[in-house]
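Heads up, the next two complexes both have chain A, just with different partners, chain B and then chain C.
Up next is the complex of A and B:
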């Protein structure tokens, strides 16, 4: 019962159509960002890139960029560490509360982020903590650290426990086993978890909305501008943030490909 | 060895468990506490009187709850139909294109939902990408298909497509080719194979995808705000309004508890049935 040629071709066309559907709004944003007019209307009559110059020169955009970068950077580093340790508990070791632990981790991923953001705002308020970009890091981690743990776990599940035991039998200490065997074997998973963590934090809006206090991240600023009427800077800054993630993904893919070429055996 | 594994497991689980205890479970308990307080108070030092829940029942908030659930259910059903052929092709037909599709779809997840929905506004608005070019070429304009209920469902379908597609593809890849071949050899039609073989065997993937989509869509609000022009107020939107403009934390908390109860029940039910070790391929 092979799928016929025609059916395969139709399915391929369907797949391409779905991809086009997913990217169409980004095309609109991209076109809008190079339109000269202050009030956008298609078809675009005159193109130029002045809005990019303006966006890059603006202090507001620079501040937003810096805050978004700080938040995403710290979220990335923390989720890599938490995710690595969590994944060992999630996938590698048999311990008493492993199953409940696995289930606890899934709950924040399912949870509506707006409600989580508000609940955290109340919680910070109850603890007497003034929200700022630092509290946003905590909020992002509630959602991103479990995702990072799942990603590292996929790697940890395919990991042969005999390797650790062999090292231990040959006299390695617990710390040496961790440093020489466990960490190198899980590293690819940890790196992809870090990549996901950065990208998810960089683009997150609902959690940042309530937990950044007086500070603001790029997606928050974009949303505020979107609902208060059209500004030509919205598509421009939007394209810049998308370009930021795209560059990071490209770098990640190239790194993965290069590592594969360098070490064909592993 | 066993002893050491047990200790190490508990030790490594500690950072994440403590963190989630303090930043996930504790805030939910706080919301639960506030939801029982008299209205418009900002601390927990009052007698619980559950008046916020009475307001939820009396003020027609059930409509927002119902809308959120209906919209989420519609989006889930539409996604199931749209994603099935593609997921099937990803699992069984495509070879290299599966990787291209996977990367292409995952990439969209990294673009803020705001920007993508805003892109749809630019695409669909009057003078937007579609209407602008149609009018330019044919001279015929039409009204923007924005600010109504169908476009909210459209937005939900758009945003949550990856959450249906990947679990579904995973589920379909678990249908053995031999079973389909055998049914085909015994004279089953394409429709019978779908109904009798593929749907039942791919059921875990269907359930995971549908629940994930439904749960996420039920807690959504950006679609109704940006695309729908608030033609419908979703429950998450009501929660936000009660907290921010309303300055009524107990009411916001009670509304949040309603949403948490619905989503939590579904999520906990699904999670308790799932065997993560088997799903993620644990070896030993």
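Up next is the complex of A and C:
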């Protein structure tokens, strides 16, 4: 069936309207960051980029970036390992408690993050652990590792079990099967799980708020400054935060593309 | 088997899953260089059997011998056999060459020797040598099949197992590959054990056919013998269209017998097996004589098939097109040479 010219024009306009609705707020943050005025007001009369210089020179911002990066980095690496192993248990191997495992692993995702954060904080207190960025890593993992597991599981489900059996039949040991077949085939899933893990940790506010203690991540700081002490430094750091995720996503996509291109010829 | 030293011997092999017995203590000898097809409907135990043979499952009881070596106690990766999977199980993240070389790489063969062998196998399977660096996704269904065969042959296994590798292909390609597989068997001289639910496939390719039913071998024999002398109605039916008539004390209900036929069947009871092409539509019927009316007529290319209602039950008859008779509703008389009739004696019937 052929849609009429009018219908497709309307559809296009509708699509653009939705995108504008979703993304204009982000653009406004970008605009606010280049405003010279102390308070956010439109239209912006004078532009400058001084706040970027200030942000990059600021020790506070550097600390924030470093803490957020440490937390997100460790969460990403751990999620990739946990997600890989979890997906094998979730989607590939049959074992006694597989069904309960498949259900239990979803539980943290269904918990509102604020409740999860509070519960973890109480738990850390009960154990006598002082909250810091390290406890935040644990908190993030409780929520993000299941998501990573599900992402790798999608890949694992689409994987023909005969591939592993064939490798074994041709003489591969368990370890060789893992190295030559299972890991390379699940790799794209593990990479996307890593990307998601980074983005979810990097932008996470509720879990960090409860569990970082005296330390502060970028989203926490943005919120605190919004409540009191707003300056264009806030949208500036916001834009830098987005830039951080954008760089990572781009790097991830390039990596995935390179893996796909290079593998068969190596 | 009369062969004194079979390459593969299965003895009293049993496999049970919880409360279900998939294999009931089966025995089988396979001769070196033989092409054996194991045929059966789904659920007959053929897949369970092949999984035990390659070592992906352990038997509950019994033993599997490869020449003088007991192999059911050896893990799958140490057995000198290889299987071609139903899904082919080609590694999508590797090239054609890397797939073929995989078993050699596992055995520590040097890169140069591996490549030489891979190219040799491409030649053997009649694939162009430049396929070596192609990706699996770039191969057609038939080409993938050949790559899988090349990979299975790479480490020179003693026996090649096939788990219905042609079942996913379209009819024409399947026919071509059946012939190629038979040809490959002849050229390599290897022992092939081929599992299929398609009897047609088994008949085209194999030296012997083992028919499985409910975890047991019903009959193991060359195709012609199974076709002409099935041991049970199950086998007879599995081998294509067939007519069954009941025989009691030398008499066939609804049929007349010529003196010669009477003598041949005297005193016997059981089931008469008559292939549709053994029945003739002729006014001067002899041997086993039946009458009836044509209920339906089907054109099968060079042959015509009739369904005939007769006092002995519904009969299927197949004749050459030039021997075709009057159409639906016409009364006909049928005859069958007593030599074309096979009797499944009552005792055997009951055992099946």
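We take it that the second predicted complex is superposed on the first by the 242 of 266 C-alpha atoms of A that agree within 3 Å, B and C clash if a C-alpha of one lies under 4 Å from a C-alpha of the other, contacts with A are read in each partner's own complex, and residues count from 1 in each chain.
Here, a residue touches a chain if its C-beta (ideal position, glycine included) is under 8 Å from a C-beta of that chain, and two chains touch if they have at least 3 such contacts.
Keep in mind that what you see is a predicted model, and the values were worked out from it rather than measured.
For the composite obtained by superposing both complexes on chain A, the positions of chain B and chain C are free of clash and fit together.
Chain B and chain C, viewed from the C-alpha centre of chain A in the overlaid structures, lie at an angle of 90 degrees when rounded to the nearest 10.
Looking at the shared chain after the overlay, A:169 reaches chain C, while chain B stays out of its contact range.
Within the superposed three-chain model, A:241 lies in touch with chain B and out of touch with chain C [touch as defined at top].
By the touch criterion defined above, A:181 reaches chain C but does not reach chain B. When the shared chain is aligned, chain B and chain C each come close enough to touch A:160. For chain A, the partner touching the most residues, choosing from chain B and chain C, is B. Of the two partner chains placed by the overlay, only chain B lies in contact with A:32; chain C stays clear of it.
The superposed arrangement places chain B and chain C with a least CA-CA distance of 5 Å. Touched by chain B in one complex and by chain C in the other are residues 160, 165 of chain A. Chain contact summary for the complex, chain C toward chain A: residues 54-56, 76-79, 81-83, 85-87, 89, 91-95, 98, 102-103, 106-107, 133, 135, 151, 155. The residues of chain A lying in touch with chain C in their complex are 160, 162-163, 165-173, 176, 180-181, 184-185, 263-265.
Remark: chain B residues 1-2, 5-17, 19-20, 23-24, 26-28, 30-31, 34, 44, 82, 85-86, 88-90, 92-94, 97, 101, 103-105, 107-123, 127-129, 131-133, 136, 158, 161, 180-181, 184, 212, 215-216, 218-222, 225-226, 236, 239-240, 243, 249, 252-253, 256, 259-260, 263, 267-268, 271-272, 276-277, 280-284 touch chain A in the complex. On the side of chain A, the complex with chain B involves touching residues 1, 3, 7-8, 11-12, 14-15, 18-19, 21-29, 31-32, 40-43, 81-82, 85-86, 88-98, 101-108, 110-116, 118-123, 126, 138-139, 141-142, 145-146, 149, 153-154, 157-158, 160-161, 165, 199-200, 202-206, 218-219, 222-223, 226-227, 234-235, 238, 241-242, 245-246, 249, 253.
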